[in-house]
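Following this message is one structure expressed as structure tokens.
Labels A, B and C are assigned to the chains in the order they are written; within every chain, residues are numbered from 1.
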Amino acid sequence: MNFDKIKPEFLKKLDQRLLLHYPALWHSKIIWVVSYAVVAFTGIYLFGDFVDAEPELHQYRENDDFGWFFSLGIFLTSLMVIYWLYLQFQQKIDYSKLSFGKFLGILFLNYANIILLFIPLIAMIYGGVLDMERDQEYAWTSWYSVLYGAMPLSALPFVIRQFKLIEMVLTAFFGFIYCLIVALVVFLFNDSFNGGIMEQLPFVYILNFVAIGAYVVFKFSAQNYTQQTKRLGFLLLLTFPIVVPLSFLYMGNLTDWRYYKYDLETHHYLVWVLGYGFVALMLTGYAVFTRFMYRRMVFPGKK
Amino acid sequence: MMNFDLIKPEFLKRADQYLLTHYPMIWQTRIIWVAFYSLSLFTLAYLFGDYFDHEPGEILYPDLDVGYNHYLVDRQDRLAFGQIPLFLSALAVFYWLYIQYQHKIDYSKLNVAGFLGVIALNFACIVLILLPAVGLAFSAFDITRLLNEVLRDVQITLTLGLSAAVLPFIIREFSLIEIVLVVFAGFVYCFLIAIGLRLLLGINFNSGVTGALFLNFWVFVAIISVRFYQKTYTQQTKRLALLCLLSFTLAFPYALYLLDVYPNVNRAYREIAHRHHIFTLKWLAANIFVVLSMYGMFVYFMYRSLLFPIKRK
Amino acid sequence: MNKIISERSIELDLLLQDENLPRAINRLLDFVQDFSTNPQFVTNALQISADQRQLARSIEEQSLVNYQEIDQKNQQIAQRIADLKQKIIEVYQLAIQVHAQNTREHETTNVPTADAAFIPAKGAESFPPIMECYGLTKMYRKSGFTLANIDLQLRLGEITGVVGENGNGKTTLFKVITGNLQHDSGKIGFPLLQRAKHANGVNWIEVKSEIAYVEQELPSWYGTLKQNIQLELTQHGITGSQNERDAAYILERLGLTEHAQKKWSELSGGYKLRFALAKALVWKPKLLVIDEPLANLDVRSQRIVLNDMKDLAKSAKHPISIIISSQHLHEIESIADNLVFLQQGQMKFSGEKEDIGSDRQHNFFELSCKLDKQALDGLLTGLPVTEIEHNGLSYVITGTKELEGQKILQALLHQNVEIEYFRNISNSAKRLFL
């Protein structure tokens, strides 16, 4: 894809400046992502409402809008994220000399890139494409999933060159299978799903996560890691955003949390603070682990 | 990376070696191993699936009200025994395509019947890969409505995944990122066409836009065919051909509507996901037999044209 | 054909006399391929090779240190080689007689002739060229580079070396020849590979199945290496026990048997190239196109690969036309029959390597010694030297056609100058780069 002809000159100059002075920033392609996000958001916000169906005509039709515009938009943007990851893969950037603060900054930048790619979808909510409240709620739910799913992806650029694509897919696949097997084993020691397994299973997962995490950290610290250790580390990166919320189950009754949320709706800015604060905390956790893993992988592995 | 040699039975290894040295195209499909893993998992899923699911009488959270409980039960089963296995099966299909990519097989000496035979084998592999998910569904779902919903999802996956049966012939012509970008560009193109038609001509999204895209599809097919026939194709032609191959299953139902097989466009597309009549003879004949045959002939023509040198890179 | 078999027999005898067993075994394997169809002979030859390898390994691992015993075992192997060779010759001559008899009978009484498939082809030079092109041109619009007016003929049993600086069109030429890139103008044909005329000129479907192309960047293999070789054979219609035999033969012939069960990622660069060659040669293509094969090889591996290519190209039964590009000029010259020199997309020289410099006006010599330029110049006063230049590594002495290498050497030796390297490059491809 050659977009050189449509790229404005001033942006090209800015990009060149980043290349010469701030290579890590240049590598994140933030300029182009921001340009795309601004243009797409504006376009959808201004013109989106002209092309969608209006619910006054046919209540049923709005479903098509959600499918045609929002779901398809999510799918296409996911493909763009894959392309962005591919661009990250293309260049080998040396992050080993970055301080923790700068490393964290790059991680936040990566996160911002991914979120910015999905920002135009928000324009569908505010721009009148999604007219019905129910569809808008679904859209916001999807948006929260994006915020969540972007977290492990923002750490990927640091480690992506350590693995082949098929390795990453198979690691995710077998991680999944492993979780299913753990669930089966826990089930075998329980009579049914009721109460018992649903209380024990999250704890077992957290325990597994911590045990594997300790093993990986030990191996990397001792400079005794192999490709299998790296794959386990990759699996930990992917499953971190799933394990952390599970631990909330043990911080109080789940239903109490739900009622607490309803109470917060009267001061909904607190929900935003809590939500995004949680994201920031998770990203910091990612930065700690990824930086540790990255710096250890600068040393030669066992095999 | 993954070494399953220890669990593979010896007689199957010998059969695999025999295929390698006598029938390389059959060997390439890996039908032996696909059937082995698939039938094993299907048996396990069918026999033991029912032990792990929710039964309609069970209550998940006694403290919550009854209606919400049953809803939660249904959603759990649908997710755990329907959607997740289907997702894993789709990943397995991608892995199978990766295996197809690994070896360069020379199909140039096959005639049309040979091509169709290999496509049928590839399709059989895809069906086998989806089989455990079907077995699990039959075993785990107690409510007929849920079972039909899952089978409908399988039907949709199978219909959309028909192009996977022909990808092995041409997959080595493209890099992975090229395939991703072709899919992306295809969607964006269709989107822009739809928006353009809506803005300029006020055409609505269902039959009008679909009709325009259908026409567009055949124009592309004509361009590609001429280019391949005249051996003046470029890498862009190949990408366009890939896009047409991938989107044929989306265009085909409209053809059925034009041929009066279905009374309207909505019905034509919904027939691939009909709530109560899944895997009907009509669907089998149209979406499997006809589509695969047409795929076979086009890919045969495309493959043989690709043996001639490309015009420029 | 009797002449060829007796030449090859003498060659084997000389190798056995020199006690060069590894080379003798390679030539025995080639001998069996060319002059026998009996699978038992192939099996015997492979067994001898495996035994010799085992012996060499034992000596290397020092599990066998008794010189007498080693000598005895070597002699046993040499005897087995000689015996097998003799058996093959006897069977071959008998077959020739039977064939001749049947041919006479056929001419008089229409009795079907004996199967002459085992009789090697009569002199590859009598066949039309494998590939010929005239005025071949290919232009890249973006960069403006043009490969222009290439005239080339490739024949069975001949090795053509393509040399030139980087970016001068070697890979482009190879891609056009192998049907991976379309040329813009000119003609290309494969008289020997194409049975009937095709509307578009070349029936690539037919032609491509007879061409093996080993690219510079080797793609990864998946599965075991032997499996890949067998798959290649099966795809060319060689199945069953013949498949097993041919795979075993090529692996043994190229010294790869020990690595056959390994995976691609476990191989060094040199072995990867050798396996790629094995895959290309196992099904006996008519044309082998190979791009920069020597780049990643150590000196010993280069010698092995070049010898193997030369032996296999000049096979009596399955001669191959090989076209090979490389920057290793000296090595390529040692095996090539013809050379092509490309410069900025133009063919500056094409023909037999002996013809390089045949129309020259000057002689050129390369010299490495410890003298500085002034001293060297003084030393060579009196000789018809026109220029002395230092290229960073060695001196290049240019003189008239009367300037002889012996005279330069005499002048240097007379003054007790220590000579590190000296070579007459007047007829070498190297002078094309000056």
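Here, a contact is a pair of C-beta atoms (placed from the backbone, for glycine too) under 8 Å apart; a residue touches a chain by one contact, two chains touch by 3 or more.
It should be emphasised that the depicted structure is a prediction, and the values quoted were computed from it without experimental measurement.
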Contact distance in steps, from chain A to chain C: 2
Farthest chain relative to chain C (centres taken as mean CA coordinates): A
Identity of the most central chain, Cα criterion: B
Mean-CA-position distance for chain C and chain A (Å): 55
Distance between the centres, which are taken as Cα means, of chain B and chain A, whole angstrom: 27
Cα-centroid distance, chain B relative to chain C, in whole angstrom: 47
Contacts with two or more other chains, residues of chain C listed in rising order: none
Contact set on chain B toward chain C in their complex: 20-24, 27, 102-103, 105-106, 108-109, 231, 304, 307-313
In the complex, chain A residues that touch chain B: 1, 47, 50-51, 53, 64, 68, 72, 75-76, 79-80, 82-83, 86, 165-167, 169-170, 173-174, 176-177, 184, 187, 192-195, 198, 255
Parts of chain C lying in touch with chain B, wherever the complex brings them together: 140-141, 175-176, 179-183, 200, 204-205, 208-209, 222-223, 227-228, 230-231, 233-235, 239-240, 243-244
List of chain B residues in touch with chain A within their complex: 1-2, 52, 54, 58-60, 62-64, 88, 91, 94-95, 98, 176-177, 180-181, 183-185, 187-188, 191, 194-195, 198-199, 204-206
